[in-house]
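Just below sit the structures, each encoded as structure tokens.
Consider the two complexes below, in which chain A is the common component and chain B and chain C are the respective partners.
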Partner chain A sequence: MEDMYRMDKAMNAQQDTKISARNVNVYYGDKHAIKDVSVEIADKTVTAFIGPSGCGKSTFLRCINRMNDTIDIARVTGNILIDGEDITDPRVDPVQLRAKVGMVFQKPNPFPKSIYDNVAYGPKIHGLARNKSDLDEIVERALRRGAIWDEVKDRLLEPGTGLSGGQQQRLCIARAVATEPEVLLMDEPCSALDPIATAQVEELIDELRQSYSVVIVTHSMQQAARVSQKTAFFHLGNMVEYGVTDKIFTNPEDPRTESYISGRIG
Partner chain B sequence: MSLTLPLLVIIVLSIIGSYLARRRALSVSGGDIRHLASLPKQHGLNAILSTAVPAMLAIIVWLFAARIMEYRGAAPIWVPLGIMALALLGLVLSVMKVSNTFRARTASETWIKGLLIGASTIAIMTTVGIVFSMLFESINFFRQYSWTSFFFSTDWSPNFRGNSDLGILPLLWGTLYISFIALAFAVPTGLFAAIYLSEYATPRIRSIAKPAIEILAGIPTIVYGLFALVTVGPFLRDYFAQPLGFGDSASSVMTAGLVMGIMLIPFVSSLSDDIINAVPQSMRDGSLGLGATKSETIRQVVVPAALPGIVGAILLAASRAIGETMIVVLGAGAAARISLNPFEAMTTVTVKIVSQLTGDTDFASPETLVAFALGLTLFVITLALNVLALYIVRRYREQYE
Partner chain C sequence: MTKSLYTEDARTKRRNAAERRFKAYGAIAIGIAMVALVILLTSVVSQGIGAFRQTYITIDVPLPEAKLDKSGTRDMAVMSKVTTIGYAPLLRDGLVNAIAEAGIQTDLSDKEIGDLISKEAPATVRDRVLANPDLIGGTDRFTLLADGRIDGYFKGRVTMASAALDKNTSPGKLELADKLRDAGIMNVKFNWAFLTAPDASDQRPEAAGLGVAILGSLYMMIVVLVLALPIGVAASIYLEEFAPKNRWTDVIEVNIANLAAVPSIVYGILGLAIFINFMQFNQSSPLVGGMVLALMTLPTIIISTRAALKAVPPSIRDAALGVGASKMQSVFHHVLPLAAPGILTGTIIGLAQALGETAPLLLIGMVAFVRDYPEAYSSATGLFGDPSTALPVQIYNWTQRADPAFVERAQGAIITLLVFLLVMNTVAIILRRRFERRW
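== the complex of A and B ==
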């Protein structure tokens, strides 16, 4: 019953497109890492990118908040629109864009600061809080959304690096949502976590879907099936197939997708 | 009888021992070395070591003993004979021991381990020796001169006819003032250079700029001193001190401090650069991913993460600054003085150690012995700084696996 409801909601949400990529190509020096990818990503939905290692799924994810700008040899062509605005335009400030498009990385990377300062970092930089009590509120809200508030509320001033791996990753998610982004990019957020921490983070991702458009890169097909409503399959820099998760996993159209799902390649 | 002959005999006996041990090993094995517990060459090595090491040790012991007993002239005849006998004994024993079951491999490893321990002991004992020699002379000094006037008097006027004022404070003041100016110049410059090199410079620029900065570390300090004397000193006097009414001395704390600061730049920048590079890229990604600019990322994430290491680098530079002599002699002059004016000539502890010990010296007067008390004080200060630096650097290492 609940599944039905969830499916229903996902279907409705699909109507409004949050991110629209058109003919995106990425080159690392001579290597053509992403080949002509076009995709429409819906708001309030979890979209999973799956595919074998080196297929370009992380590279594509990093285009959405222009993290590839920080790599000297990377070159991106094509257009990516968020809410109709072309973010690949050189006039768009990547710094402002990244406040709107948050990112969670593969390995938990809390700053060597206190838990509080880790979360307050983004809001401080972007001037989101007018005073200390404002900031306290933002930090608490972010930690609650990161489903870690109860575990850390009594030790906000202790270093974030002292938490366990799963807690660190949820702290990083809280840190990312603290700047009130509209899109949340997650680059294999559970690959460094044990199964219990993974389950907690996955549950959190499902809750975050209420407020954000979540894009998650994952190696685990089970994870994609569990958390996402739409799935895109990447292979050798091409986006082979994109559609509703259930259909991709049960009745894929492309033979390459079928081979990957059934474990014959990748 | 000199000790050259026993030395030659030891070498010859070792070679013979090695040859005999190998041959005996081959013969007891009956031609098949697989019957041996150790290879013939290991028996040979064991023979060399057991012939040479105890005999060499005996030579060293004799040299020390002769010194302590104040024995002058050539060693009595029983010494070289005894040493040669010891070598021969080692040879015979080690060759006799050769058998199918004897593990020459383990035996020679034990000898080698002993040699290595010996080498490291020499380094440590030298440090201990330096401390003790300073300590004894300092004690002599304090027998003749009151320690309260040494540590708390603000007058330094040594007088070789006696009745000197030997207060360390003007010298310490000069040392700290010059070091402070040197660090105030070197730390920001070096740190910013390190940040540029590690965060902004392209690999090409980095590969040229980093060695170029490190060249500074290879310049002898006397050359820096000349630079201070003929260029920086007159420049500061003509363009700053005289127009601003700070006096007209070319030798000044400022001159020495600035030139010393230039000397310290590579220490700060090179160490800080390595430490900043060791901050994981994921920290930078995390900060950039939150919409921080590059300079915000560096200021609020990278530098704080590298801070303990940077502090360690600064403290190492500080202990260099405190111990520096040549730049001060040529740049700051030799007048012991306590003054806040940075354009006045002052001097440091190290300069005064040199001037108290050069020329006709009598190692019994407090005027000369004070050099050891000064040296010991300096040693304690730099040691404390180094220990602090090591402690901080080590704490930093624990932060990332």
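== the complex of A and C ==
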């Protein structure tokens, strides 16, 4: 039943494309890190990128909010469309883009400020709050969405760096959703967390799917199977296979996908 | 046949011996450094501490109208015609009276008794009389500097044997000084004037102080801070966070590192050529001195600021950019506050370096003898334009003088300079502790 529901959901979502990448290539100096990747990512869906280390899945993720701009030697070609607008267009300001495309990083990286300031920073610089009570509301909503409100509501003014690893990561997720993005990129969000914190974050990701298009990079195939509706398999800079998660894991088309999933490569 | 873990095998023994040897070398190195430090400090303190104590004579000085104001009108123009030479006999009379009152026997002539009083003392009396003309006609109690030789006798610098060979003093005067001290007329007190008074001529080391030098050094530090900190921090932020990494930035980077190693006297020549000869700023002024020292400090500040910026974890920049902060917002809201302790420490260490620098100041004329306190601003010379001197230059200057009393003064000035440096470094450490944050 559950599977049927998921399939159904994935099929529906497919009609509603949020991100569409066309012939994306990324070079780090002489290294060709991403080779001609084209992919359509649906709205209100969790899309997982899996693959062995160094296969380019994080690099590709970082193209979607143009974080690769901050790396001097990185060069990106091709087009990435979000809602039909090409974000590689020189007219696009990466700052505006990143307000629309939030990101959660591999290692929890809260600012060395209070929990409140961590979440309030994004809304503040984007001018989302007119006054203090507005801001309080935004912070509370974001922390609730990050499933961490109950744990921190009594100590909002304590430093965010004093939380446990799992709490820090959920704080970072709360910080990312506070700016009301439409897409949420997650770069191995659970790799530094223990299984209990991982379960909490995964549960959270499933809830976030209601409002956002979530793209998650993960090393754990079980995680990809648990949280995502669609999965892309990357290998040596190529996107080998992309499709409905259950199909990728049960009946992959490409032999490379099959051998990775069964543990023979990677 | 397995070896027991209770006995070391030959290889382990060798390794452990090597480790013990290395630790011993380290301990010896630290020991040598500590001994050197202790020797330096004891030598400076034992020779210089005397500068902070000074012998004073407390006597009633008669201020007869006939000598000080012949007109009797208290007209400033008339009164100021009486120079310190006119005042000196009054001081001598005061001391002779005090000796007679205390019942001290001496076979010195009145003139010789007068030699016990510093040549600076008449000026002290004259200044007070001109400020309060009402004193004329009576007597007033003054605490006056004793002669440098007498002061040296109480501090052990001058002995009976050395006085016998000295044409500026004699054993008889020293004996009288002993009696005066026993009578409470002469005593040794803490010497505030050493920190506040201006320099004095070769004849009166007992009056020489660091006032002008401390003021000059303070002005220069202000100029250095105002120029070097913003320029240095702005340059570092640009180079570290914004500049493209290409051949030009490499060239700039190498040159900044080179500038940090340029001998300081070269900066002095540059200051002389550009600031004084070409731009026509005043010689010997704290403004020029400060600008030269700022140039010298810039590389230090840039290098330490860049190191502090580099030490901020890149994940913080990612986090800021990830929520849609611009490059500048991420730098100013997140990176800079985290780098602030490092920047402050670097700046204070740079300032401390500048405070102790002598060579470039010699070239821009700050070695001159200056008796007037420099003004921070005056309409004639502009901002920080008055001639001035600086602490390290004053030390250099005093060690050149013939009278050994000036050597004591120089050592005292070294103590003062070291205390300032110690305070600055302590502030640097406290600031770093206070603002350091963990992430």
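Note that the second predicted complex is superposed on the first by the 260 of 266 C-alpha atoms of A that agree within 3 Å, B and C clash if a C-alpha of one lies under 4 Å from a C-alpha of the other, contacts with A are read in each partner's own complex, and residues count from 1 in each chain.
By definition in this document, a residue touches a chain if its C-beta (ideal position, glycine included) is under 8 Å from a C-beta of that chain, and two chains touch if they have at least 3 such contacts.
The model shown is predicted, which means the values in this text are computed figures rather than measured ones.
In this overlay on chain A, chain B clashes with chain C. In the superposed model, A:107 lies in contact with both chain B and chain C.
Using the contact criterion defined above for the overlaid structures, shared-chain residue A:256 touches neither chain B nor chain C, since it reaches no partner.
In the overlay built on the shared chain, the residue A:235 is in contact with neither chain B nor chain C. In the superposition on chain A, A:65 makes contact with both chain B and chain C. Of the two partner chains, chain B and chain C are each touched by A:95.
In the superposition on chain A, contact is made by A:172 with both chain B and chain C. Touching of chain A by both chain B and chain C, each in its own complex, is seen for residues 65, 67, 70, 72, 95-99, 102-103, 105, 107, 109-112, 121-122, 125-126, 161, 172, 175-176, 179.
On the chain A side of its complex with chain B, the touching residues are 65, 67, 70, 72, 95-100, 102-103, 105, 107, 109-113, 121-122, 125-126, 161, 172, 175-176, 179.
Of all residues in chain C, only 244-245, 313, 315-326, 329, 333-334, 338, 437-439 touch chain A in the complex they form. Across the complex, chain A is touched by residues 202, 280, 282-293, 296, 300-301, 304-305, 399 of chain B.
Contact residues of chain A toward chain C in the complex are 65, 67, 70, 72, 95-99, 102-105, 107, 109-112, 121-122, 125-126, 161, 172, 175-176, 178-179.
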